[in-house]
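In what follows, chain A forms one complex with chain B and a second complex with chain C.
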Partner chain A sequence: MPDQHGSTAPGRVRGGRLARAIRRALRTRRGRIGLALTLLVVAVAFIGPLIPGPSPTALRTLPFAAPGHGHGLFGSDDLGRDVLARVLHGGRRLLLLALASTVLAIGLGAVAGVVAAYRGGWVDALVMRLVDVLLGVPQLVFVLVLVSMVGPAVWLVILGVGLSHAPQVARVARAAAQDVTERDYVRAVAAWGVPARTVIRRHVLPSLVTPLMVEFGLKLSFAIILIAGLSFLGLGTQLPNPDWGVMINENRVGMSSNPWAVLAPAILLALLALGVNTLADAVARANLPAAVAEDAAMQLLATESPVTDPGEPDAEVWA
Partner chain B sequence: MPRSGPEVSTTVPDDRAPADPGGGADGVVVRNLSVCVAATGAAVVERVSFSIPAGATLGLVGESGCGKSTLAVALLGLARRGLRISSGSVRIDGLDMLALGERQRRGRRGSLVSYVPQDPEASLNPVHRVGSQLREALAVHSEGNIDTRLQELLAEVGLADSQRLLRSYPHQLSGGQQQRIVIAMAFACRPRLIVLDEPATGLDVSTQRRLLETVQRLAQDHGCSALYVSHDLSTVAQLARATAVMYAGRIVELSASEPLFEHPRHPYTEALLAGVPSPDEPRRLSGTEGEPPGPGAWRAGCAFAPRCTRVTAECRAAVPALERLERSVVRCLHPLPVAPTRRRNERLVGPLASESPSGSGLIVRELCAGYGPVPVLHAVSLDVAPGGCTALVGESGSGKTTLARCVAGLHSRWQGEMLLGGQPLKPSPRARSTEQLRSIQYIFQNPFGSLNPTMTVAENIEEPLRHFERLSATARRARALEALELAHLGVEFADSSPVRLSGGERQRAAVARALVVHPDVLICDEITSALDVSAQALLIERLRELQLERGLAMLFITHNIALVRSLAQRVVVIREGSVVESGPAEQVLGHPRHPYTQQLLRDVPRLAVAAPGGP
Partner chain C sequence: MVLRRSLLGVLTIVLIAILVYVATLVLPGDAATAILGQTATPARIRLLRHQLGLDAPVITRFLHWAWHALRGDFGDSLSLRAPVTSLVGIRLANSAVLVAVVAAVSTGLGIVGGSLAALRRDGWLDSLASLLALASSALPEFVVAVFVVMLLAVNVLHVFPAISLLPPGSFILSAVSKLVLPVITLVIVVTPYAFRMSRAAMIEALDSDYVEFAKLKGVPLPRILFVHALPNACAPIVQVVGLNLLYLAGGIVLVETVFDYPGIGQMLVQAIDNRDVPMIQFIVLALAVFCVGLNILTDVCVQLLSPRKRFPRF
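Let's turn to the complex of A and B:
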């Protein structure tokens, strides 16, 4: 901290709150590991389709051929297709669907929760009881009912997965927002007669970035598992398109001859869930009020005190 | 308040003086006590030495962040998380607390040394009745009949030994009663040293005075040494026989209280004293910009040099040693001479500001308000003239904040009449005109909650402009910078996060946010209660200037009656929701007629050290 106020302003703010929250998390080892794992899987899913190689849908060899011997790095699947090619092509759609439905879940849930907290009274009661009803329906059953009624359209999967996760987000957002709406800076703005939606948008939501980011990480990995599960049940990706969830389903009968047809997509899904959650956890820990304060304190302590002082004369001030 | 009984103002007997730090002398002897940051080794408290004879009280003063509380808990052998006691000794009756193992030390806490924290609620268990907590404190450390001791103890701290009290949970007691329970627990095992860390902060003046008298009597009766840590210099002057002034982890002046408060020798002590308002006459307050450097940010040389008026090149070269000067020890190369009379701030003469004839401004008539079925205000009436300051004075729970919130539109359940510039004010902000909303601005008590931490200071100040005026981004920014200058906060703070500002700086940013829309009425709700005297003095002086420059009307709400003297033209004293006395400041504070006002004025601590033998 500067002791001469004329020279430098204390702690100039760089970037938005979101950027700062992530930067703090990436200073920890936990955050870096989480980011590395997430990026690894994302790279496989998005760069994979660009890598030249055999077609993921071409029948090339015997079913369940073991790796090597001209059968590709991971062997072949139940129809003799190249497992490596299917792994490289089978992640992009899954990740995009999961991302879209998570954004929807966080958006809906945050708005519902924050409006409930800010308005209070009957609005709060109505929104939260609706949330309770939705929470009573198991997520997979909810999506299955929707998809089996209309058919496995992409928008429906996004809507279904998003809607099934939104109630939990709403609960978290409401709890966090209740604390923020009690703050004086929110009250001050309300006392100027500023409309509620402006107060919520400009003053309440930005303070909820950290809890919502953590929710985002959790819900993203839940959505991936839910969507992979839908594909496993045959209600997601349509055959013969490759998909990590579908691959696990198709190839489990041939586990003994070529386990890689199941293991490769399963490991990628597990790594993604692990990475996203580790990152979310790091963001949460690094942005706890105590951690933020400590972070600021440690920056202050970067320089060591050069001062030494001789012993002092005793003060006989009591006589 | 008598600072001490007649017997204590006499000289301490020689055999009790802390002559030999290694011997078995009575009292407390602290030698070269240092506390550092465990991770980096940066000093937080550096080589502090002092002694407290048995039965005497040492005051410890300084701004927030100067290491007072760290030093206080170090006397118990404790350090906050991340800190470490690096060296030194704390001998209590000859026994070195710091040389003991942690287990032994724990056994001695309570019987050898005990601690009274600032917030009594935090140190009482909310799910146990106070009776069982007191019994527990007695049972852990002492033998004998617990019920007899309990009765003695309650009598000692001035609490009635009623079953109703003992069966209460902490939240059912008032702040004063809670603090008495904590003090009873602290004295339960007859400690040799009691460390009081701001024990009376947050209590009303009358409660505070009675509490401090109790502490003093107990310490004297039991020959217990006391360390009284406070940022409130007036209470220290009343209570402590000697006072140590701390700055940036070092003692800068240590002296008997009388010379210290009458003739401060260190420029920092003088600066602290210059910020203290007097309840007896209106005086200009003078504050010192800046704040103590944090651990690790200490420069070579005297830590106070950047803020000092007497600084020379030598001061920045090396840390001055503590040197003996007549009756004090002072860490300064250029100590102040002993002036023939006590230095005082300039007296404000004449009217503080010119009030315009009433008729405009803010008029409140017969205001009744409450929360649910509970009435809080009973027919309160007051006037705030343009260019004038009306102070609303009362203890906590008297309804003064509720009144402010009614005026600001933050509380809508009231009946009565409110006029702003002759126009009626509706309860709900939505029913008020934009012009009315603009012309009343509110400054909150807590500087740490009133600015949005996700925005920069300038963005916070621009926020009301976005709502009240249509301006381009450049024009808005220009207005925000202008308001920053008005509030005497440098423009270099514009792009900082409010989180990085000190309490005083944040409160000035809040003032800037209120001023940016050119209001007619400013409502200040206990705005200095979280600030150090120096920051308080700077803020009050700035508000007085603004009142003169801009004809601003102010409703100033406070429990600090001394502060009112330097700022307000009119004073309204409120008690339990009803006005007990109101009128011009000179009359209400100079010649109070209501017994309650008289008592408030009598109980408010004064900087002057009480004469030996009491007033």
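Let's turn to the complex of A and C:
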């Protein structure tokens, strides 16, 4: 019987777990607020470019013209371009980049973590050492150096942000996978001679769905912050294309004459970061035990000290 | 344990050094073109490349660089034409002041706030503080910086200078008012973690049997808080201070850039703009050493502070 349904059952279980985890989060007020904020900003970013209006790159009026008097709802920016048009066009790229790099981070991290946990021994040691090395450099600095190498290439931003977030995912995935691989039934299946790939796919991966989804939400909010920061520094974007991070940097000097050129993109970025973070927090709280959820939220801090890593035999030398 | 962690730390730093060296090698249009500009003739570029030693094999250059770096010589800055270490000195001090002040203020605020919130759990203060903490921890630091500048420097109030520009080579403490806005920004971003961690640790301590017993015995509340509960909540708090410092090592890059603060974060961004390879190498490596060292220090402190981890088998 398991053989007949073997190929479809794990997929169904996984889908079911995902849907259930999200439903559980949306039952809380926190989850609904997070979702509403996120959807609001996503709507602006994706519907914005479709709204007819002035071109976001056309030079129209004097720099930093105040709103009103024919200068548009939000006035003009440092080159006299329409701020409203630039705001409407400036978010889509950020969201797509953040999504892509998060998918990459989860994929890389999950594979590394599961392989490390399942193989153990020197593979485990090697992977975890690599994780420590990557965590030894602040993430922004890592991506900054990487992106400055080749210039503002899209794939490089995705790769850099994905790589810098993968180590933590690997730690989480390894801890979760270790938990499963040590269960008797998994050992029994492996001892039976079932190939490792099948064991991992059918028995280890399903139990990783919930922790990885929590990770996905958290990493997505970090990726948004990181990519916005990169474009604020002028990396990872192509001028004169509009981008919320770039806009904040370009228009800082004119803050006293037209604050909206900075305020509008800043508010949207703030709402987006808040929304995604709140949603991720709600998913974590609704699906993980309280202590673990608090830990997951603390990961915002970029680098996790190995003390919290259950795999580290902490006190051996003291004993 | 200390020894083992230190060895692993050294290994990590060596790997990071290799990574940084290889990464900066791939920079397009190397230092020679950066110095001479786009209009230079190929012959002049070749000559300067030779003078700078940019045409030797990678391994030779790495070993050469590593040998000198070990003795504290990281080469000359390509854009500023002076030894990297002498240029970085005062900026390192400025960044250290910023990080230290932020760490002290945010830890203090976090512990006091967290303890008060834990004491009056689910009261209005607790709810408000938890909400604020969630909000401010989610925001990107340069967005917070922009809001702070608007509120306190440009649009609403005009209390503090909007940028922290100083004459080259000056120490930030000679103009303390320019320290204020960067500190406020980073404190807003960083305090929530100290707050959340202190709150959770204090709640755990306050729910314990020994605090219950002290209460029954009639020990006054401040004494319970500071003598019985706080010491037991210390380990997680140390951990969060360590994590905050780690975060700040990266966080200063953006905040220093926003405020033109004369620290190493801003210098790193400038160095990347100028393709100033020795400068990038030194700053990234310095930050990595700081992070790795801090990790070890935090672990050791946590071990010392939590008896249960010190003697695990009892």
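Note that the second predicted complex is superposed on the first by the 269 of 319 C-alpha atoms of A that agree within 3 Å, B and C clash if a C-alpha of one lies under 4 Å from a C-alpha of the other, contacts with A are read in each partner's own complex, and residues count from 1 in each chain.
Everything that follows uses one rule, which is that a contact is a pair of C-beta atoms (placed from the backbone, for glycine too) under 8 Å apart; a residue touches a chain by one contact, two chains touch by 3 or more.
On a predicted model such as this, the values are computed, not experimentally measured, just so you know.
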Exercise. In the superposed arrangement, does A:Thr278 touch chain B (first), chain C (second), both or neither?
Worked result: second
Problem set entry | Touched partner set for A:Gly120, first chain B, second chain C, both or neither | neither
For this session: Identify the partner contact of A:Val145: answer first if only chain B is touched, second if only chain C is, both if each is, neither if none is.
Result: second
For this session: Figure out whether A:Val189 sits in contact with chain B (first) or chain C (second), or with both, or with neither.
Result: first
For this session: Quick one: classify A:Arg252 as touching chain B (first), chain C (second), both or neither.
Result: second
Exercise. Chain A residues touched by both chain B and chain C?
Worked result: 294, 297-298, 300-307, 314-319
Exercise. In their complex, what parts of chain C are in touch with chain A?
Worked result: 1-4, 8, 11-13, 15-16, 19-20, 23-24, 26-28, 134-135, 137-143, 146-147, 149-150, 154-155, 162, 193, 196-197, 200, 239-240, 242-244, 246-247, 249-251, 253-254, 257-258, 268-269, 272, 275, 280, 284, 287-288, 291-292, 295, 298-299, 302-303, 309-313
Seminar exercise, completed: The answer for chain B against chain A in the complex is residues 11-12, 17-18, 21, 32, 37, 39-43, 46-47, 49-53, 56, 82, 241-242, 250-251, 254-256, 289-290, 293-300, 306, 319, 321-324, 327-329, 408-410, 429-430, 432, 434, 437-438, 442, 444, 446, 449-456, 460, 463-464, 467-468, 490, 492-497, 499-501, 513
Exercise. For chain A, which residues count as touching chain C in their complex?
Worked result: 129, 132-133, 135-141, 144-146, 148-151, 221, 224-225, 228-229, 232-233, 235, 245, 248, 252, 255-256, 259, 262-263, 266, 269-270, 273-274, 276-278, 281, 294, 297-298, 300-308, 314-319
Exercise. Which of the residues in chain A end up touching chain B in this complex?
Worked result: 1, 3-6, 8-13, 17, 183-185, 187-194, 198, 202-203, 206-207, 209, 294, 296-298, 300-307, 309-319
